[in-house]
Structure formats: C-alpha cells, structure tokens
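Order of writing sets the chain letters: A, B, C, D, E and F. Residues in each chain are counted from 1.
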Amino acid sequence: MSKLSHYDEAGEAHMVDVSGKTATRREATAGAFVELSEAVLAALPQNPKGNPLEVARFAGIMAAKQTSSLIPMCHPLALSFVDVAATVVAGGVKIEATAATTAGTGVEMEAMVAASVAALTVYDMTKALDKGIRIREVVLLRKSGGKSGDYVRSEV
Amino acid sequence: MSKLSHYDEAGEAHMVDVSGKTATRREATAGAFVELSEAVLAALPQNPKGNPLEVARFAGIMAAKQTSSLIPMCHPLALSFVDVAATVVAGGVKIEATAATTAGTGVEMEAMVAASVAALTVYDMTKALDKGIRIREVVLLRKSGGKSGDYVRSEV
Amino acid sequence: MSKLSHYDEAGEAHMVDVSGKTATRREATAGAFVELSEAVLAALPQNPKGNPLEVARFAGIMAAKQTSSLIPMCHPLALSFVDVAATVVAGGVKIEATAATTAGTGVEMEAMVAASVAALTVYDMTKALDKGIRIREVVLLRKSGGKSGDYVRSEV
Amino acid sequence: MSKLSHYDEAGEAHMVDVSGKTATRREATAGAFVELSEAVLAALPQNPKGNPLEVARFAGIMAAKQTSSLIPMCHPLALSFVDVAATVVAGGVKIEATAATTAGTGVEMEAMVAASVAALTVYDMTKALDKGIRIREVVLLRKSGGKSGDYVRSEV
Amino acid sequence: MSKLSHYDEAGEAHMVDVSGKTATRREATAGAFVELSEAVLAALPQNPKGNPLEVARFAGIMAAKQTSSLIPMCHPLALSFVDVAATVVAGGVKIEATAATTAGTGVEMEAMVAASVAALTVYDMTKALDKGIRIREVVLLRKSGGKSGDYVRSEV
Amino acid sequence: MSKLSHYDEAGEAHMVDVSGKTATRREATAGAFVELSEAVLAALPQNPKGNPLEVARFAGIMAAKQTSSLIPMCHPLALSFVDVAATVVAGGVKIEATAATTAGTGVEMEAMVAASVAALTVYDMTKALDKGIRIREVVLLRKSGGKSGDYVRSEV
C-alpha cells in the first residue's frame, strides 16, 4: 500500500513538493447530498424571481477559489474552470462540483471544497425549518489528469 | 410550518436583519464523519513527533473564522470560542466542532463549517491511499441560546 | 469646514480611534448605476431557471463583509444586516446596497463597497457584449445613526 | 450580437472554461473619477510627510489581487503587474489602474476592481467633509492581448 | 509559574474560551526593528511625492485586521483602532504598532502582527539592495486592560 | 549601488512588472528565532498527544499562501512547495521556512512571511507565561533561481 503523501517518516505533515511535476490539464468532480424532508423540499421557493439554489451554486464556486486558504497542505493554483450544479431530487438536493486547472497538481480538493460549501449553504438556507438536516456523501466522483491516472467512483 | 428564513415572498434570498436581536451567549456543536478503510486507518501515523489529526483540528478552527466569507448569508461576528476534536474510531475519524459567541445571531454555521473543513483536511491527508473515502453525517449535534431555543440531535 | 478625519497635522493617514464612541444602530444605503445599451439589456436572460442579477446581488452582499480588508482605514466590525437590490431600469441596471450594524462607527463604506462590487459583477457578466459599459453614480444615498447625524442625498 | 459569456441556454451563470486557451500576455487599464468640490480638494493635504493619495494607490493595488475573491465568475490567476495612479485634477481625483498577466484569460476585472477600490478609498478619506461625493466613470480604458483583440475606449 | 494558556493536560492546543470575560477597553503596542546599512538607508527615497515608509505603515494596519486569519488560536474581534509608525533612525527603521478594542480578549497579537508585517514590507522594499537585511526585536512594548493587568517592557 | 526596485524617480512605490521574466524554479529559505527563558521552554508540552510546535508550523505554511495579500508589492503566484520547521534549541525555538515556485519572480517574501507567522504563533502560545518574549533574527537564509542569482547568508 502506498503511503500518506503528506507525511514523512517522523509523522510530521508536509505539503508535497510539486516543483518537478509537469503542468498538464487536470479536472475533478465531487458530489454532496443534502438530505431534506418532504416538508422542507416543498418550502424551497421555485419561481421566476429567483432560484434559491443559485446562492448555493455561487457559494460553491467562490469557495473553490479559497481552497488553499482552507486546506493547510493544498497548493495555491490558477483554476481554469469551476462549476457547481445544485438539483432538487427525491429526498434532497444533489450537488456536483467540478474544478479544472493546467498545473503540476490536481484539483480534487477544490472540487470537494466547492461541493461541501454549496451543501453547507443549502443547510444554512433551510436550517430554520429543520435543524436535523444532514449533509452526507461528500465524495470524489471522478478525476482525470496527473500521474495517479483517471478515477471514476463506482456506483453504490 | 415556519418559512425559510432567508427568503422573501418574491423568492429572493436575503441576509436576516439581526439588528434588533439581543446579544446573548450562543453555542453550537456540529459533527462529521470521515469513513476510512482498515488499511487507511492503519496508515495514519501515531507517534510522539506529531499527531496527524492535529492538522485537521487547526484547519477546522481556522475555517470557523472564515464562515461569513464562505456562506453568503452569514453575519460576520466575533467568536469567543472555537474548538475541534478529531478522534480515530471504528471505521474512520469522528469530528466534533464547537463554536460560541455573545451576539444577536447563532453560530450553527461556524460549527458546521469547522466540522466540514476538518473532515475535508482528513480527506486531503488520506486521499493518496484511497480516492473512494467518504465524508458523511455532517450534522448539527446541539445548540444553545437564541430565540429558537436549545436543540439536541436525537440519537439514530 | 471640518477636517479630513483620517489625517493628522503632518499629513499622514490614520485610522480613526472609535474606542470611546457609543455602540448605536447605524445604517447606510449606497447606490450605483451600470449604464447598458438596449442591445445588452435585451440580452440579459430573464427566465425561471435563474435571474442573472442574483449573481451581482450575492457578490455585493459578500463584498460588504470584506470592507475592512479592502479599505485601509476601515474598522472591522460585526454587521447585523446587508442587502443588495439589482433592478433592470431604463438605460441600465440600478444597484442599491444597505448595511447595518450596532457599533461605534458607521457603515457607509460597507454599503459603498457592496454597491460597487455588485456593479462590477454586472459589468463582468456583460462585458463580452460591450467593452464600453460604464459604472457611474456610485454614491451614498442615505445614512442614519452616529454623531454626524442622518443624511439623505438630495435628488438631482 | 454575441452572447453573454457567463450564461448558458437555461439562463444560469457559469465561469467560462479557459482550460484550452493559450497563455499569452494580457493587459488592461481601467479608470475611475472621484468628483470633489473645490473645498474638499483644497483640504487634501499636500506635504512632504505623506501624499494622501498613496493610501488609495496601495488599496487599489492590493484589491486587484483579491479580484477572484470578489467577482464570482473571475478566475484566480497570477498577476505579473498591477499599478494604480491617483492624480488631483480639476474637479476631483482621477484614477487609472493597470493589471497584466500571462494567462489564458484577461485582466479587465482586475483593473476595474483596482480602480474602484482606489476610488472608494478616496471617498473614505474625504467623506467626513462631504457626504455627497460621487464616484463616476468607472470604465475600461484599454486592453490588449487575448482572442477578443485590443480595445481602446474612444474619447467622449 | 502559570501554564501555557492554549494547552490542556493532554498537550493539545486550544483557543481560550473568552465567553465569560467582560468586554473592556484593551490596548497593546508592539515594536520591530529593521536593521539597514548606511547605504540602504541613504537609498530610501525622501521626497515630496511620497514617503516610502507609508507603504509599510498601511501594510501593517491592514495586516492587524487579518490577525485571526493568520494566528490559529486568535479570536476574531472588532478593532476600534490600529496605527503603525515607521521611522528612520540610526541603523535602520523602527516600527511601532498599536491596536485597541473593547472586547473580552486582548490585542497583543494584533499589534505584533502589524509590527511584523510593516517590518516585512520594509524588507520587501529594500531587499534588492541587500539580501542580508535583518528584522529583529519584534516585541510587545506595552499593553493595558484585561485581567492580566498592564505591562510595560523594561528598557534594555 | 543598485536602486530600490519598488521605487521610481518620483519616489512612488510600484509593483515590479515581471511579465517579461522567464518562469524558472525559484526557492528561498528564511529563518526566525523566538527567544524563550528556561522556564518557558520547560513548560512547552512534549508528549505523544500533540507536538505544540505543530500549530506554529501549520500557521507558517498557511501564511506563506497569504503573502501577496499581506505585502503590498508582492505578486500573487502559484507555490509548488512550502514547508516550515520549528525546533526547540538552546535559548528558544528556531524556525526555518522554505517556499518554492516556478515563476517569473522569487519567493523570498513567502519564506519570510512563513517564518514570521510561525514565530508569532509560538509567541501567542507562550505569551501567557512571559510577555517579554522576543522574536529576533527574521532573515533570509538562502535563495536560488532568478536573475539576481543564488544567495547564502554568511554565518555570524
């Protein structure tokens, strides 16, 4: 089994040195799910004046750009693309967040942060109705590019 | 059923005006769970030179202070306390994050953001071993103070 | 005529010491106008899936919270309320931004920053159509609270 | 007429994917004007101990670096140059802000943000004298580089 | 001897809970010294168009407001005053930074961060002339307010 | 003697335009020393549950990524590596911070900021025991890459 990439033999956490890595296109998509009761789902406004999930989308996009300020060992990098989709589905709101860069390191964490903050924003908008709302399944759905190769999460 | 607190009749999201609310002590605790395989758990270094979960703890504490920059409708406020615990348990790492303030609005989102970012940091430290790692159960565990009263999540 | 509040006799800029000021409710509203051609106004999407001016609204609300990081001599303070309205009117998009606090210093700059960033976001969304778009009339519309008293901008 | 670059057919705002764009040198200059009465202009200190417009210049330079945190659909990028000039002219203070990068996307917004924040800082320094001060003419003056070609604002 | 305030018996670092502390006026002043050779001191421009130490002053003032984002266990708080003085003296540039608040916790770190960042900015402006420049004597000069009482650094 | 790189003939500070510079690997290491009494050194917890200097290490690493937000004339850039070591030595805690990038400008300031903030964090953790603690010797230890060539600080 390979080792934890952030740890040396002494057990201290370090940022990985990506100086020698080739700058190639890398993309990652993460997901999150905000579980909502029927009553809360029904209360989500759906009307021409404003789609409430837009707040969550923008919060996620903006948070992706703060990833290296939030996650200690993440490298600051130029992102060529970030997008977040928030969709009402049976049982809640499904979030998918994608980030891309041309750099020497991947963007899994940018996608994961975007999905998490979008989900937290949905929570913030709905918590007055139900404090028991749960965010679950914050996961990496797929990634491409980089030495570790492509990854697609297998369906459960 | 009460209404979404951030939405007006036109369906537009707004920050709640807390100008008239009394500044009282408010506290909230949120939890998150990072599901890890036995192999990943075994690889987490446990030694005198550094407890790796400390990185996650600090990231969570620092993220709580960024809550109003991340969640669009959150009020910036002075926090009197933030703490995060990260514990290795059967099946993964359990996170608990607490925030407190004396203000006119609560700190649920500060606790939720701290728990999420601590969990994301554990993910970042372990993702080289297993891209399928899942963050689940990001939830509010309890809160006290404020007009909406105390809340304790019932055990599942 | 009173003096520039940020300058001492030597001409050096300083932050005003508000330690002795009483914490009272203060509110300020600022405006901005983004002048758009008929063609650009017609291209602004108006549909049930998303009101594009929502992006500008959220950007303005979030920027208000960054005021003390952007304007060197502004005090960091807890905001009890921020709101931004963006409306399509004849000749462009009209922005109004309001901020409120209970503190020893006012929130004019928070309102001005929110209005400016909302206007800049409208510019960003429309600049592909017309690079000549102009932001004009970034002004304080009214303020209340504080020693300097209330202010309402007279109509032009 | 071309389309709004940030909107898809469903009317949702998105960040533009610049992954495929070539990294070339791009530069943009924006302007802003802070209209000041004769009395306020006379009160601006002009002396060897400190040029007050320096505060505005630095605020603008530092704000350019926060552009992607302020404008939701802007890409974070490495800036190779930012400069701001603030000059007392008849009727007020004229701001010009320039940003440059070698990247796959332009820096118009970085220049616009720098000019706006420099103007807001002038407003903050003078507002004690006159609450009616107006920021006007926040515009793109010129840009070079990128697929959309060069642009120079025509004189009015 | 009293204990490290941030550590519990298990040796884990924590933020101190200041919820129960009374909000009183607290002030702190820190100093720093940037040691410069005669040649570098002579090269520091001294002229009517701009005092170069102003950049350092503004950087220090703005950094004080970022203290809780930089120092993990610091509480975010509203500052009522920040000021930085940078003076050319024999052998270098002397920095003094003061911060004040009315809160349940002190502002020593805000003053220390302001002094450090002002010193680092002087270093940045002079490093092209001499890479061997040294920042030394970053110290707390005095503090007042709070349970631990007043402190004045004794002269060396 | 060469000139201050940030100043023009008029004595105004500017960011250096690095647009034309070649992107090559650049690395810099800075040091800082936090002078502690024997009593304070003895109180620093040393145990399996957590190495307290880890907080300082993480704070330094995260601060390096904020360099361009803190130092007015620094360019925002992608960092390929940051690391901080904090070691208990005779008389105090020795900090060494390293930053690396592949860019058109160097990373001396990133290393200097990381060392300073790590030192300030040690100060924050120990100040309850001794307000007279001193940070000294914040210096550049070595740098490589870039037109100005390599540099190694000579031993004192």
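Assorted remarks:
Criterion: contacts are C-beta pairs under 8 Å (C-beta built on N, C-alpha and C of every residue); 3 or more make two chains touch, one makes a residue touch a chain.
Owing to the predicted nature of the structure, the values given are computational and were not obtained by experimental measurement.
Taking the definition of touch as given, a chain qualifies here only if it contacts subunit A and subunit E alike; those chains are B, C, D, F. Each chain's centre was taken as the mean of its CA atoms, and the one lying most distant from subunit D is B. Mean C-alpha position of subunit E lies 16 Å from that of subunit F.
Taking each chain's centre as the average of its CA atoms, subunit B and subunit D sit 36 Å apart. The geometric centre of subunit A is 31 Å away from that of subunit D, both derived from CA atoms.
Residue numbers of subunit D whose C-beta contacts span two or more other chains: 12-13, 47-51, 54-55, 58-59, 62, 66, 69, 72-73, 76-78. Chain contact topology: the protein chains form a pattern that is neither a line, a ring, a star nor a complete graph.
A complete list of chain pairs in contact reads A-B, A-C, A-D, A-F, B-C, B-E, B-F, C-D, C-E, D-E, D-F, E-F. Residues of subunit E that touch subunit C in their complex: 25, 27, 54, 57-58, 61-62, 65-66, 76-83, 100-102.
The residues of subunit C lying in touch with subunit D in their complex are 1-7, 10-13, 39, 43-50, 52, 55, 58-59, 62-63, 66, 69-74, 108-109, 112-113, 116-117, 119-121, 123-129, 131-140, 143, 148, 151, 153-154. Contacts from subunit B toward subunit C in the complex involve residues 12-19, 21, 68-69, 72-73, 75-78, 103-105. Within the complex, the subunit A residues that touch subunit C are 47-51, 54-55, 58-59, 62.
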